[in-house]
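Here come two complexes built around chain A, the first alongside chain B, the second alongside chain C.
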Partner chain A sequence: MKRSALLLGPLLALTLAAPVARADVAETVEDHILPGLARFTATTATLAAIDSCEPEALQVAWGAAFDAWVGVGHLRLGPVEEEGRVLAIAFWPDPKGMGQKQTNALLAKADPAVLEPALMAEQSVAVRGLFGLERLLWPTETATGDYPCALTHAIADDLARMAAEIDAEWRASFADHLLNPGPSSRYLTLTEARQALLTTLITGLEFNKDARLGRPLGSFDKPHPERAEAATSGRSTRNLELSLVALRSLARSLHQPIPRTEAAFDRVLANVAKVDLSQVDDPTMWLKADILRQDITAVREAVMAEIAPALGAGVGFNAADGD
Partner chain B sequence: MQRRSFLASVLAASVLPQLSWADAGDPAYLAAAQTADGAFALHGLSLAGESLFALPLPARGHAATAHPTRPLAVAFARRPGTFALVIDCALGQETARLTPPAGRQFNGHGTFSADGARLYTSEVVAETSEGRLGIWDTASWQRIGECATHGVGPHDVKRLPLSEDLLVANGGIQTDPTDRTKLNIATMRPNLARLGPDGALISLAEAPEDLAQNSLRHLALLSDGRAAVATQWEGDPAEAPPLLALWEDGRLTFCPVPEAEMLVMQNYAGSIAYCPARAEIAITSPKGGAVQVFDAAGRFRATHRRADACGVAPAPAGFTVTDGNGAISTLGAAGLQPATRLDVKWDNHLIALDRA
Partner chain C sequence: MKRTLTAALFATVALPALAATEAEVVTTYADLAEAGYADSLATAKTLQAAVAALIETPSEATLAAARAAWFAARIPYQQTEVFRFGNPIVDDWEGRVNAWPLDEGLIDYVDSSYGEAPENPLSTLNVIAAPEITIGGAKIDASQITPGLIRDTLHEADGIEANVASGYHAIEFMLWGQDLNGTGKGAGARAFTDYLQTEGCTGGNCDRRAAYLQAATDLLVSDLAEMTANWGQSGAARAAVLADPAKGLQAMLTGMGSLSYGELAGERMKLGLMLNDPEEEQDCFSDNTHNSHFYDGVGIRNVYLGSYTRADGSTVSGPALADLIAARDPALDTRLRAELDASVAALQAVKTAAEGGLAYDQMLEAGNAEGEALITGAVDALVTQTASIERAVAVLGLTGVAFEGSDSLDNPGAVFQ
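Take a look at the complex of A and B:
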């Protein structure tokens, strides 16, 4: 056996024993981002295509669209940042109840002009998007007349329009910014593109901890299950779980292998199955949900210890520690 | 003053003719940075973003201030600060090192008197975070006094134009003397205090009650005697209040942004600058990866994106913006364009050397 083959032998064996998937910016765009955006576009189009006013059919299609949004909602960069789209799609948290107030006002006025797509796109972000639809599909008072259903259809159309625009802008140009960093890109270097994606992973984890968990948890003595995300439709825990699954997919597409990160995700996903965020006024449930916050902190630490150095990127020198 | 720096200054004075800012290569800006190997430095930058000099700092820097006539800069440590370096930018060396007295901490900013004879340093009483301005003689670099800032946790301080009066941004946040932990978020009460050169309180501007958790932190002076202040919201992160306010004669007016722009900055403005040529104000948010531009009346104009953008200072046709990825960008009519990049992480502030 030749010397080079001797050296190659063990290396090959190692490679075969532990196949290392390719992972980096390009894989993240191809395997995580674009498929997720396509799902969001397709599910919102399906919702918008419903002509009936039957709440059941609309609720199911709305649920599928929300599932798809949670799969990409952490990707706060590029087209979703333009024109206030991220807020217009998902206006939550809403501590002052602006959404309900403004929805009530729209229903009271019942202005048909608002239903026109151009005017709907200019309505307050608080009445639009997934949460605007949730209030109409699970009304606190029995709806009367044709207007609530027409408004539902108009908001669904507006949501589908935004999803399609985001999807199209990603494919037409923004993906290219990430894939081809340089002087004409939003990202000057590959490191900056990696940093942008790593940042979405970290801020996505923090949103789950601080908002999806932190808002209903409040404090042990004063929990607020009613403040959970999408509590009216009963999606709060599902959103948390789907988001963590999506963030694990993002982590996997950014770098491989990531055993510590995988273990941390395994732990939080196992524990999330034991939690119901609508029940956090029960002290036992509160404690179980509180453990998820620690589990998410552990995921964040694993990501920063394992993925960040591998990418040669952090979350931003100034962003990390302000003054 | 230390013996060595005393000798250095005597030597400089006797051997060399009076040096000016031109002898320092006429830097347009000063900026602190972390270098690739993890050390810290203060750079003098040209308008185009070339580094004209880089002097080592003993720890992470924050802001700096330039002497009005001599090519001297004082670079301040990040709070809680234990040092401020007086740097001769022409000789490329440290000429004095200021240390706060026992029980005081530097808070990252300072400013010179109009004639440059005095330096004012933003400080806290370490135990309570009560604000103080340290007063230093710039011939001997001896501390000659201090006065109250009439608030808690002062941060930026600027001397008002055509005046010896000082405007202090009392951020309102009490912090643990050892680790920056915030201690009084529920009860904080920031203000902008206008002080006479002797420390007398001339006016005190407070935010309305519902914005009491909006820490008033960084200042930019406008051409007409007003000032703009950039804030950091410490209240409910879902609320997204305005992060820019205009100060005029002791009154504050907050400048809201359109609904779609509300959360762009992630409730955090890290730096602020005013560009006289375009009559525009820019605030930066490294957390949001964005720069927002307003007109001089505080009306929102545009958002520009750049990850970890924080340092901002006026340029001839707009602004220069620095970020944690080492880029130096121009921001003007053509939007935000990275112009050059160094292998450093630019820290919070870019200081324009707009000497009279």
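Take a look at the complex of A and C:
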């Protein structure tokens, strides 16, 4: 009796304390990935359902779809990597200006055949997706004729199709690869599945630091606010913030508790609120934005110190490897 | 050419007591690198001589000979690309030698359809036509085109990576000129008369063009000599991997995985296909991309099998990474060998089709189903082998922790600390 009482003591204490949330691959799939994909599917369907050519309504729906994309854009594995979908959904950065060049060519040609879904799906990734739509919804020159609006609708349909396909393929099979690793799965062991998810977290942080911040920051002497992501529509800072929020959600669903990682995310999210990436040609703003890079490095270090060992996983190869 | 090296770099975890074998494997790796760069150097010297002959006596024949020498020089060099990722000393140097894509209007005349690149005001500088140039507001005397001018002033001028003034692809542009055929048949068609020092010079400034070609080729030779020495018996690159064989194994696997996945399958193959852009091919002036990709794939397999067939047909080989994996996980070794063979075969299929008349840029054309299938086949094979390379990392007990991102650029030494 005495022994069980002794055992019961700590157990009770454990129960009474704040419960430790469950977290691992299954929780990440159920709580982070699938809801995010559902949101992306729903918002792109809403955008595609708009019949009008009214830019305001389209811009609002496009913004909601972009919000949803930023919530899942770091998940660079599985269906999104098939058929170049990730490139077609969000072709950025685009240092050679391919998107504008190819969009101009499409508009000049005004070929009605391109508007057919099958042909639109075959077009260059640089003219499609969220950035293709941004160029049409915030045109540099006033659009003439019906073609730009028809092209907008066709690209929106194509985007919604890709979102629905990714969503469906995750639910039909890819989630199962992560949830049930083994000889017939893409992942042989649970550790491999954990490593795949950890890799998306780390790569997502890197993308925010190197691309979303690095491109507009350039150097102190030569900042490039015009190179920020979605600068035309004024979404650059919002994308950075939403991405960090999504990455924190991923971190939380991978492992609990993660006090050091939480603190690092708190810090970068507090600081991002003080930044406007369209203003980095102002030296004070440049320095504030530069601090975010250090903050993100600190998040990455926290994740590697806290989550990686808990998962027994490292960082795998990823699409950003290379030059 | 220097985006952040986000390669998987793994913290040291104690390895089983097979240190001698690991040291032997890493020694083989360094031997392969040394032989590969030595062959690159030797074939670049042949190119240098052929370029001198072209400049001395411009003709169809001397131009063709220089182009043939350039093709030959690519074969050993591409097999060394696998040494780049995971070895900061190579990665920091590589941009001088193999950078692409380039805004070639920096160097010489271009077609009127070329247009200025949106993020590069120097993309139409045309230094061959301009003895005095302005870069970043500063006037520069470019009356003498020297290796120093190319290396220190023009290359990556204004901090823009597309300003590629040196290396294989700058020389390629000098020998072939722009490929104006889009996704249609044909490579660049520069005429030998672009180098005529007498009447009949085409394109203008033939003397400065010749000086540029010679200087760029001389620079390539000296850069390759530097890297060959780095892998020699007392070289810094060899010392870095041998100092701690576990780190050497990391460098080997990082190179194999990063080149397979992010670089070759992603940046070089899938992206070009998805953009349907004929300039999204590595050797875009000469239509040699199929060979560059193929020898990249061969190089990845070389590192695993610990064997390299030299330009003269002889073989350098020794204890291999494959031996280490086979001792610990024979099934993984069998699988990875088969996957490496499959990717080389898929790249061979691209090469065979290109040699049969379907050039790589034609494969990129929208709606070219055969080309798309060939490229996709190679991409898929490279992606598949990457998963097994990750497993090899785990089997060797190298999975672990440290993720070196920009640290490897800020402080190259940090990778080996």
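FYI, the second predicted complex is superposed on the first by the 311 of 323 C-alpha atoms of A that agree within 3 Å, B and C clash if a C-alpha of one lies under 4 Å from a C-alpha of the other, contacts with A are read in each partner's own complex, and residues count from 1 in each chain.
Throughout what follows, a contact is a pair of C-beta atoms (placed from the backbone, for glycine too) under 8 Å apart; a residue touches a chain by one contact, two chains touch by 3 or more.
The model shown is predicted, which means the values in this text are computed figures rather than measured ones.
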Aligned on chain A, chain B and chain C: do they clash or fit?
clash
Looking at A:K222, would you say it contacts chain B, chain C, both, or neither? Reply first, second, both or neither.
second
Name the contact category of A:A270: first (chain B only), second (chain C only), both, or neither.
neither
Looking at the overlay, does A:T191 come into contact with chain B only (first), chain C only (second), both, or neither?
both
Chain A residues touched - chain C or chain B, whichever exceeds
C
Contact-wise, after the overlay, does A:A57 reach chain B, chain C, both or neither (first, second, both, neither)?
neither
Quick one: classify A:S124 as touching chain B (first), chain C (second), both or neither.
both
Taking the superposition on A as described, I'd like to know which of chain B and chain C A:I202 touches: first, second, both or neither.
second
Identify the partner contact of A:P183: answer first if only chain B is touched, second if only chain C is, both if each is, neither if none is.
first
When the two complexes are fitted on chain A, the stretch of chain C hitting chain B, from 189-197, 207-215 or 243-251:
243-251
Contact residues of chain A, present in both the chain B and the chain C interface:
84, 87-88, 95-96, 124-126, 186, 188, 191-192, 195, 210, 316-319, 322-323
Chain A - residues contacting chain C, complex:
84, 87-88, 95-98, 100, 122-126, 186, 188, 191-192, 195, 202-203, 206, 209-210, 219, 222, 227, 297, 300, 304, 308-309, 313-323
Touching chain A in the complex: which residues of chain C?
1-8, 10-11, 85, 94-95, 101, 117-119, 159, 162, 257-264, 266-267, 270-271, 273-277, 366-367, 386-387, 389-391, 393-394, 399-403, 405-406
Give the list of chain B residues in touch with chain A in this complex.
34, 62, 78-79, 108, 155, 232, 236-239, 258-264, 268, 270, 286-287, 289, 305, 307-310, 323-325, 327, 338, 341, 345-348
What residues of chain A sit close enough to touch chain B in their complex?
77, 81, 83-84, 86-88, 93-96, 124-126, 183, 186-189, 191-192, 195-196, 199, 210-211, 316-319, 322-323
